[in-house]
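The two complexes that follow have subunit A in common; it is paired with subunit B in the first and with subunit C in the second.
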Partner chain A sequence: MMKIIAKERLPEVLQLLAKDYNVLVPAKFEGVSRFTPYSADVELALEENVLMPPKDIFFPQTEKMYKFKAKDKSLEIEELPVEKEEQLIFGIRSCDLKSLECLDQVFLTKGYVDHFYKDKRDRTALIALSCLQPQEACFCGSMGVDPQNGVGADIQAYDLKDKIGFKAISAKGQEILEKISGLLAEEEVTIPTFGEFNLKADIEGVPEKLQGMFDHPLWADICRKCLNCGACTYVCPTCHCFDIDSEVRGEDGVKIRCWDTCMFGEYTQMAGGHNPRPTKKERVRNRFMHKLRYFPERYKMLLCTGCGRCVVKCPVNLDITAIIKKIKEAE
Partner chain B sequence: MKEITLQMQELARELLQKGEVNVVLGWEKGTFWYLSPPAFVDKPEDVERLVYDDYCHHNLSKYLMDYRYQEGKVAVFLKGCDSRAFNILLEDNQLEREKYVLIGIPCPGMKDQEKAKEFGVNGDIPLAKKCQECKYPNPLVYDYFLGDKKAADEAAATKEAKAKEYSDVEQMEKMTSDEKYDFWSSQYERCIRCYACRNVCPACNCRECIFDQSRTGWIGKANNASENQFFALTRAMHVAGRCIECGECERACPMHIPIMLLNKKLIKDINELFGEYDAGVKVDGVLPLGHFDKNDPEEFM
Partner chain C sequence: MAVTVEQVKEINPLVPIKAKVIKIVQETPDVKTFHITTIDDKKPFDPLPGQLGMLSLPAIGEAMFSVTNKGENHIEMAIKSVGQLTEALHEIEEGQEVGIRGPYGNGFPLDYFKGKDILFIGGGIGLAPVRSLIMECVRNRENYGKLSVVYGARSKADLCFKEDLFENWPKVPNMDLYVTIDREEEGWDGHVGFVPAYVEELAFQPQVTVLCGPPVMIKFTLPALQKMGFADQDIITTLEMRMKCGIGKCGRCNIGSCYVCLDGPVFTMEQLKELPPEY
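So, the complex of A and B:
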């Protein structure tokens, strides 16, 4: 038995939850879909995953860290007010849940806790939504993700075509489900079978093989069409590099941290002018090495969830599944 | 186009076998049927990867900058817009003409990739907007020409004779200042500053881009409407008079920002202010904004 609601009545559930939470839902504006604060006039985009991953909810592209005032030789630091509002994401997919697991490793483990990230993570509840069909660039199945059962959600919602089913996973999820239970019916349901993936990647043995491939000629070949733009990394749910900078006006300043990308030459530019990654060969190599070797070495998991966003958005079709294939086939 | 594909492969094989060039830049099939990304072929046995079909959007001229300081020659396939890009790179003193073997191919217009994805392989897929408006489908500079030159010239003559298509720009010009501001703010609010538009652009060929000079304070790292618009306007003004209308910026943009509308507005203004001018058509050093003439009137000084 599962708690269900007809798909067209989903806004009632969201409306109710919006009383207690800032509810974020998948919606599309001018060709770009992303998680958007719910209101009655937001049109839900539930057919496919959102283009912009949920990472910016926890790790915004630009985030103010603190204010400061520097006068003569004195420096005053002013903490910024902490947001307290409880958030809830509805419709996060399995691949993006997996990406949060990756980001958690970076921002919460190995003896260092990033409180900017942790604060948002702690006050955000997650309602996952199962996928009915893979999109043409999806390959999460190859990356060990189950598109119908996400890991780390508070509630798993199931797309049952004309209905949505809800299953509480965590205690917090149970609590949320109770709030909306008045709107839900109980029914015996069958979860629709998931279609065949169009894209696949055989990742078996790739992290290990890459250990001996730093100087392989393959990198000089595959980098050639790369434009060294940051599209792949900025639409990636797991890429998490940032740069810290200040905005200063007179005596007053704000410290900000902003997404950065290993695709940019400036990323590794050092004081004095040396750049250890001088050309696109080194930058492209770093991107794939980080995803497929360094991250697995450090955290025992891949830094790619198979969401397919980079495959869709790369202007020159530098396709990670094709790169994995080339790595596998390389001598 | 199938026939041109075979001719491309044949010529590429010959150039590589004879050792006339080290590498041939063309297109190959990508992950999906509607993608034909750039291909770099350096062995005669690999020439069969090369294709010419409805999705060879990528302007290959920009990649020639990667070979400036390498020994040996490079062959490249050029459609009309790619050849205008090559001319702009020559005009900007970025390339040496002798280093490149230019293989011109007539272009029937490339199809809209987004629509292809939407309508499917059997759908009736329209030409990309930039190609519907194209006036120069044939290469303007080349060492070899593949395909039927006569038929291509006839097709090009019809397109060249047509008046420039500015209806979208005129629509925008009708907005009030506030409406324009709101429109462009909402477009650039979603810019993620990945710089795909800049990196794909043949007119963006500065040794060091202003937007990479992080310590100068020209532009901050923060992503917000103000910085993003500063980026957009600065880039638009910098490529003004040199934009060859390949539309690659807009195609490369992951956020669906109508970048060509901004570029076209500047092209229209330049045509109105300085007389008729199409960038990259001739290489004569006479640029509407980049040319110094001491007899220029300086009424505003």
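So, the complex of A and C:
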């Protein structure tokens, strides 16, 4: 038995939840789908995963860190008030849940906790939504993700074609489900079988094999098309590199951090003109090595969820599954 | 209040605390040492030798520097003027308030050095991180064996920490100093020549060595050390990569799967051989 609601009545559920939470839903806005605060007039996008990953909910593209005032010899540093609002994401897919596992590793482990990230993570509940059909570039199944059962959600919602089913996973999820139970019916359901992946990747043994491939000629080959535009890192749910900068007006300033990309040349520029990654070969190599070998070595998991966004967005069709294949086949 | 490493992990590690510069020493035409305390005259944090701190003039920038020495109530950073922030730091006067966060990085493996003869090799500003360990050895002289220091700079004026080199360290028991400059110069009767050749010429027999300096110095000194029979785990150096966060999050400073800000900056040659050759 599962708690269900007819798909067209989903807004009632979201409306009710919006009383207690800032509810973020997949919606199309000016042609780009992303998680958007729910209101009656948002255009829900439930057919496929959103283009912009949920990482900016926890790790905004630009984020204020603290304020300061510098005048003559004096300096004041002031932490910013923390937001208290509880948030809820409805409709996060399995692949993007996996990306949160990756980001948790980065921001919450190895001795230091990133307070900015943790704060948002702690006050955000997650309702996952299962996929019926992979998109053109989805290959999560190859990366150890089950598109119909997300890991780490509070509630798993199931796309039952004309209905949505809800299953509480955590205690928090149970609580949320109780809030909306008045709107839900109880029904015996079968979860539709998932479609066939168009894209696949055989990742078995790749991290280990890459160990000896730092100087392999294949990097020169792979990077040839790359424009170093950074689109792949921008849409990637797991890419987490950031820069720190400040905005200053007179005596007052704010320290901000913003997404950065290892695809740009100045990323590793050092004093005296030395740059350890001078050309796109080193940069492309670093990106794929990071995803497929360095991250697994450091955190025991891949830094790619198989969401396929970079495959879709790359202007010259650099396809990570094709690269995985090349690595597999390389001598 | 001086904070411990554990406390730093409790507070938001990306937000600096306010500190002030209480003393500035002009070391060379482009290097100054800054003595830094908290507003209430305490150590901003208690670093191990070799650890790092992020120093900022927030309106201008923030950068990582080795803590070259610590006192009862202050820490020291020796800073070379190379760009935006460091030039601005060279303009400030005593009493200037700054932001600081740290300590970061692993620091030197002190236990490994205990009881051993140590050879310190530095070039230019590269003596800054090495000095933090020399000072530890000088402070706790009985814990370490013979100390030898080979230090070189382009000219006499470019030698950092002259007070230590020519006044303080010569008085330390069982410590030998070998200072060299690249070219002959009026008023210099010390050694002339590059560090790698000098090291080779001196033919040391100590047990461990710590070296830090410009890449060419490292490149040519390593073979000399290997010839003298130093094992890879006994050759210790510090690395520099660009850094932003200092806590292993921003992704800036990776060499392979290791982050220099967290897992370094101190590495043995043995560890470096495990890492990719060119980042």
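FYI, the second predicted complex is superposed on the first by the 331 of 331 C-alpha atoms of A that agree within 3 Å, B and C clash if a C-alpha of one lies under 4 Å from a C-alpha of the other, contacts with A are read in each partner's own complex, and residues count from 1 in each chain.
Definition applied: a contact is a pair of C-beta atoms (placed from the backbone, for glycine too) under 8 Å apart; a residue touches a chain by one contact, two chains touch by 3 or more.
All figures in this text were calculated on a predicted structure; none of them were measured in a lab.
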Clash-or-fit label for the pair subunit B, subunit C on subunit A: fit
Partner chain in contact with A:220 - subunit B first, subunit C second, else both or neither: neither
Which of subunit B and subunit C A:313 touches, first, second, both or neither: first
Which superposed partner A:298 touches (first subunit B, second subunit C, both, neither): second
First (subunit B), second (subunit C), both or neither touched by A:31: first
Which superposed partner A:330 touches (first subunit B, second subunit C, both, neither): neither
First (subunit B), second (subunit C), both or neither touched by A:6: neither
First (subunit B), second (subunit C), both or neither touched by A:243: both
First, second, both or neither for A:114, with subunit B first and subunit C second: second
Which superposed partner A:75 touches (first subunit B, second subunit C, both, neither): second
Degrees between the directions from subunit A toward subunit B and toward subunit C, using C-alpha centres, nearest 10: 90
Superposed arrangement (fit on chain A Cα atoms) - minimum subunit B/subunit C Cα distance in Å: 7
Residues of subunit A at both interfaces, subunit B in one complex, subunit C in the other: 243, 260
List of subunit B residues in touch with subunit A within their complex: 30-32, 35, 37-40, 58, 63, 66, 117, 186-187, 190, 192-196, 198-200, 212, 214, 220-224, 248, 251-252, 254-256
Of all residues in subunit A, those that touch subunit B in their complex: 29-32, 51, 61-62, 136-137, 199, 221, 224-225, 227-231, 233-235, 243, 245, 247, 256, 258-261, 264-266, 311, 313, 315-319, 321-322
Sites on subunit A touched by subunit C in the complex: 65-66, 68, 70, 73-77, 79, 106-107, 110-116, 214-215, 240-244, 246, 248, 253, 255, 257, 260, 262, 267-272, 274, 276-277, 282, 286, 289-290, 293-295, 297-298
Parts of subunit C lying in touch with subunit A, wherever the complex brings them together: 9, 12-18, 57-59, 61-62, 82-83, 92-93, 95-99, 215, 240-242, 244-245, 247-252, 254, 256-258, 262, 276-279
